[in-house]
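Okay, so chain A shows up in both of these, paired with chain B first and chain C after.
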Partner chain A sequence: MLSGATRWLFVTPAAIFVAVFFGYPVVKNVIMSFQDYTTKTFFTGEAPWVGFANYVSIFTSSVFTTSLINTGLFTIGSIVMQFVIGLGLALFFKRNFPLSAFLRGLLLLPWLLPLIASSAVWKWLLDQDSGALNQFLGIFGVPAVPWLVSPNLALIAVIGVNIWLGIPFNTTILYSGLQAVPTELYEAASLDGATGWKAFWHITWPSIRSVVSVVIILGVVYTLKVVDLILGLTGGGPANSTQTLATNAYHQSFINFQFGIGAAVSNVLIVVSFVFAMIYLAISRKAVDE
Partner chain B sequence: MTVSIPRAQARVRAATTTNPRKPKSKARSIPLTIVGIIILAIMVFPVYWMVNTSLQATAGAATATWFPFSPTFAGYQAAFSQQGQNFLSSMIIALSTVVVTLAIATPAAYGLARFKMRGTRPLLLILLITQMVPTIVVANALYTLFNDVGLLNSYVGLILADSAVQVPFAILLMRAFMESLPPSLVEAALVDGAGDFRAFVSIVIPISRNAIVTAALFTFLGAWGDFLIALTLTSTDAVRPITLGIYNYIGSNVTDWGPVMATSVLASLPAAVLLLFAQKYIAAGALGGAVK
Partner chain C sequence: MKPRFPELRRATRLRRTIIGAVAMAATVPLVLTGCSAGGGGSSSADSKTLTIEDYYAASFNPIYNQCAKTVGAKVKINHVAGAGLIAKVLQQASSRTLPDVLMLDNPDVQQIAASGALSPLDDYGLSADGLVPAVEKANTYKGKLYGLQPVTNSIALYYNTKLLKAAGVTPPKTWDELRAAAKKLTTGKTYGFAMSNINTYEGTWQFLPFFWSNGGDEKNIDTTAATEALQFDLALQSDGSMSKSSINWAQADVNNQFIAGKAAMMINGPWQLPALNAAKGLSFDSVPIPTKDGAATVAPLGGEAFTVPVTKDSAKMKLAGKFVGCLNEAKMQATIAGITGNVPTNIDAADAWAKDHPQVASFVTTVKTARARTGELGEDWPKAATKIYTAVQLALTGKATPADALKQAQTQNQ
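Right after this comes the complex of A and B.
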């Protein structure tokens, strides 16, 4: 009646698909990172073995160091602010005022837009000469700020836009976490005199801690991957001031056509991602077991 | 003083019996609504600005005004003539990706939820891990593969690559739902002589409709909004989704933001429409993404 073979047919296509489109690329990237793989390879079919030369070349290049630092700043800055603002909004919407559900729903809009459309409108909002932000600041006599064209400001501007993008996701997940905290706990605590901050630290925070770790680790993993936003806003410039590991990998492979070096940068990115992935898996499995 | 949760729980009965919940006062929550509207206004201001600019002529030195007092559809005309084909390409790619993704992911989700075979647990772990693999890593290697098999600059290539990114998430999303189905539903059909496959088609799929719709919506939005795969796996104008059209606009020095914003509005329409008419699915998908 129930043959094992038919059952395997349910999962086999997906397994093959994942093997071809994730397994193969990951393995292929490792191999390419040890090869001199360039456009020439496509014509000659030859990709000479170069050992660790690609890694030596990226670790000694200043752009890589810049990318690494920027990736750290971009990720930490985005995650901290997204989380703090997201939690603030989730607590705010939990107060269930008229229209709160409707407003909370609309809040998802920025999260659903194509990233490149968001990049386009932010590039326009942050335009130095006629962008809306500088027009607005001009009302208060602030001179035009070169948000995306100054090497000192561009990374901050890009982080700001990424925070805007991440707020809806953080708010939604944290809100659902807050919903799961039984209201009776608050009512009982208020009898003991714990309200406001006290209630937050002693009831809310311990209750949502596992949701918090999921949101933060998913946020880190997604933020490490960001390419669209940066390419759209600054292209990694000015003067590599917004170059991250992900955009650097793109540049090496698809602008310089140094696929071997691009693969090496990708592998560094993958190692960083996997460290966080492992933390995430450990936490989510623990959550499942509990 | 400190309040431990067990102690608070012990107080629950007292709290609920001696202090019945007071009805919320309307007057006190109106200021909250006003603050809520202000917060939302700030958050969606960029979307307003997109629509606002799309209706204005900002060519040359003209700057956009805060409201389209004299709206013009010139931006949309330019968008349609320059990006109409790209819009169609995006539609073809996104819809085909939904079909391919669901065809692969729905049976797999059911298989992983129902059949505890050797190998399903590792596969599940691998699916979780794929969520962490940066798309640029996939693109880097797929470029060389697609170059060898002639799939660069083709619909098939982009549809396959987009599906690759969407399949794991779709499986995880639907599996979480299918796992909650009572096994007795399917067993009844199996006793009646239906095979696993018949039972899947005639029972599991209809019951799982909501989960499948949610997966379809997210797959559509993901493929529709894809930029990086299209950017890396195309080198000619043969196949050009609308996201690449926008990128080409903003990659150069923009002098007239009207058409750029009009194109962005067109590209954002599916998301806006789905948010208005399928909000419960969107919210479910957002949560599914974190719970899995």
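Right after this comes the complex of A and C.
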């Protein structure tokens, strides 16, 4: 048994790391959200305390409400579709067939491309007048669709691109989860007449449930903070129809230089992410206990 | 907005997005820019070496070297990418490592001056005499001049001479003429008119000539004059003369449409001239942007200013002041204009320049009556600029009528 002091010494490096790289920034961000922190602050070092003024100003702004709703729609839409398609592909690739490993590798492509590059390409593909997608639809007589231009469609288009982006992550993790399911289970089940859907519901799904929860929770946290993709495609427009909490925070801090207000918006985002992180911890702890 | 070299503009956007991505990923936006240690400070270099920071390309170096020779200094040049500049300046301001000579986009000058990071150029005996009036307005904060712009730019109406000739259209001077011309020029896959109505300051910058020339004012955008301007913008779209995609086009996209022959006329700046001249088979010319009744256009003043940040070394600040003065001399202005494709700010130099360079003549005309974006609201301009592009977006997407769009944007808490 180690003495108390020695035990603490072992914890110290990790504690310092967490305090410097996670604790300080979060605390600083919280403090900043109560200050009038502008370009002036950088030179003078003065950031007058304004209490809850920044929060009042964001909660009363109509853009904030829009951002909140959009963040919800963006996250739910992306996660549901990414997961369904990702699971479908993972199940598909579970059957080994010629070139399956190669195709699986190809599937990772969206994940490997720099986001800025892929959003720029998607912006071209989705262009109303000369985009490849509308040219293709035009063959079937579909009139040009204003993907990124109509306030009603832009969010759907952005979600679509984000789904494309998230499929590799979902497929990869779920595929590795499927690999861990013992094949004997399926053999035994097939003897009892459980194949196809039945095998999926009674064997596959229960076996990968913990992997599923990890994929979804991590997916939620990753999706909540998406900024670059939206900035690349629409910049939050048209008419704020794709503005999310993350793009709103970016805009306040780095375009308007209202760092205090930007910090307040990102704190709201941190709280939402934190809730999901806690759920993730609870689930993974439960999985360990089991 | 922020007109600069086309290749830089792309980098700017990228950089801006990357900064955002990195910052948000860490969910600690500020610590990144606020607390990291800065690059080479001025105090460590020897007393005759001036550090310069800008977002220009290396093609600008000979100009710096020439002025360095004139004032008897050596220079250390640091080119930063586009919008990364402001983040860098803020970081340098907090770590007291600002360069000796700092280039800033003109609408940023007052904001940085307000932070106390810049020294007034009056201290070095510099003034904006003889320059186009908007330069003084843009670079003056609380009665003192903080920046000088050797060259400037603005926007004008480019037109494809072949397409206009084929349609029997003469370059428009009034709104009615522009609308009729755009309608007539719209055929098949070619739109008659293109401009950027994007949801950034760039969209605001492009809408300002309609807005200001018609008597619109940024203090309150919910006025009849502003409504008329926005109605006109919307009419071009409703006529089918302007693509609905214009709300998602940056100025570079507009230029690409024009080069590809998909737009017969466009609003853009002189920094596109290299790309336009390089396009094969394209013949073009430009005129000042039409106004309602043909009066002089009030367009926004573009271009970058040179400033002298406050450092510990007052002798060096004086030398930097001399250096900025050299850059701003009429002769240097012409040299800089030659490299950047912009317009000299000295009125006499600009007139001489227009004679030798007919391609920029319309910009020289426009610049003389241009208005500084920060002239009226100073450091509060960004808020007004956001309101203006918000209104444009609301109206062009059909979410509100022009009058309602302006009212909403004006009252909206941004």
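Throughout what follows, the second predicted complex is superposed on the first by the 264 of 290 C-alpha atoms of A that agree within 3 Å, B and C clash if a C-alpha of one lies under 4 Å from a C-alpha of the other, contacts with A are read in each partner's own complex, and residues count from 1 in each chain.
As a convention for this text, a contact is a pair of C-beta atoms (placed from the backbone, for glycine too) under 8 Å apart; a residue touches a chain by one contact, two chains touch by 3 or more.
It should be emphasised that the depicted structure is a prediction, and the values quoted were computed from it without experimental measurement.
On the superposed chain A, the positions of chain B and chain C overlap enough to count as a clash. Of the two partner chains, chain B is the only one that A:Leu185 touches; chain C does not reach it.
In the superposition on chain A, A:Pro25 contacts both chain B and chain C. Of the two partner chains placed by superposition, chain B and chain C are both touched by A:Gly232. In the overlay built on the shared chain, the residue A:Pro110 is in contact with chain B alone; chain C does not reach it. Of the two partners chain B and chain C, it is B that touches the larger number of chain A residues.
In the overlay built on the shared chain, the residue A:Ala263 is in contact with chain B and with chain C.
Only one of the stretches 94-102, 112-120, 148-156 or 184-192 belonging to chain B overlaps chain C in the superposed arrangement, and that stretch is 148-156.
The residues of chain A shared by its contacts with chain B and with chain C are 24-26, 28-29, 32, 37, 41-42, 115-116, 123, 130, 225, 227-228, 231-232, 235, 246, 249-250, 253-254, 259, 262-263, 266, 269-270, 273. Chain contact summary for the complex, chain A toward chain C: residues 24-26, 28-29, 32, 37, 39-45, 57, 60-63, 115-116, 123, 127-130, 146, 148-151, 225, 227-228, 231-232, 234-241, 246, 249-250, 253-257, 259, 262-263, 266, 269-270, 273. Of all residues in chain B, only 1-5, 7-12, 14-16, 19, 21, 24, 26, 29-30, 32-33, 35-37, 39-40, 43-44, 46-47, 49-50, 53, 58, 61, 63-64, 103-105, 107-108, 110-112, 115, 117, 120, 123, 125-145, 147, 160-161, 163-164, 167-168, 171, 190, 195-197, 200, 221, 224-225, 227-228, 231-232, 243, 246-247, 249-251, 254, 257, 260-261, 263-264, 267-268, 271-272, 274-275, 279, 282-283, 286-287, 289-292 touch chain A in the complex they form. Put simply, chain C touches chain A in their complex at residues 14, 16-21, 23-31, 34, 86-87, 90-91, 93-94, 111-112, 114-117, 189, 198-201, 243-245, 247-248, 262, 382-383, 386, 390, 393-394, 396-397, 399, 412-414. Within the complex, the chain A residues that touch chain B are 1-2, 4, 6-11, 13-15, 17-18, 20-22, 24-26, 28-29, 32, 37, 41-42, 89, 92-93, 95-100, 103, 105-125, 130, 132, 135, 164, 167-169, 172-173, 176, 182, 184-185, 187-194, 198-199, 202-203, 206-207, 211, 214-215, 218, 221, 224-225, 227-228, 231-232, 235, 246, 249-250, 253-254, 259, 262-263, 266-267, 269-270, 273-274, 276-277, 280-281, 284.
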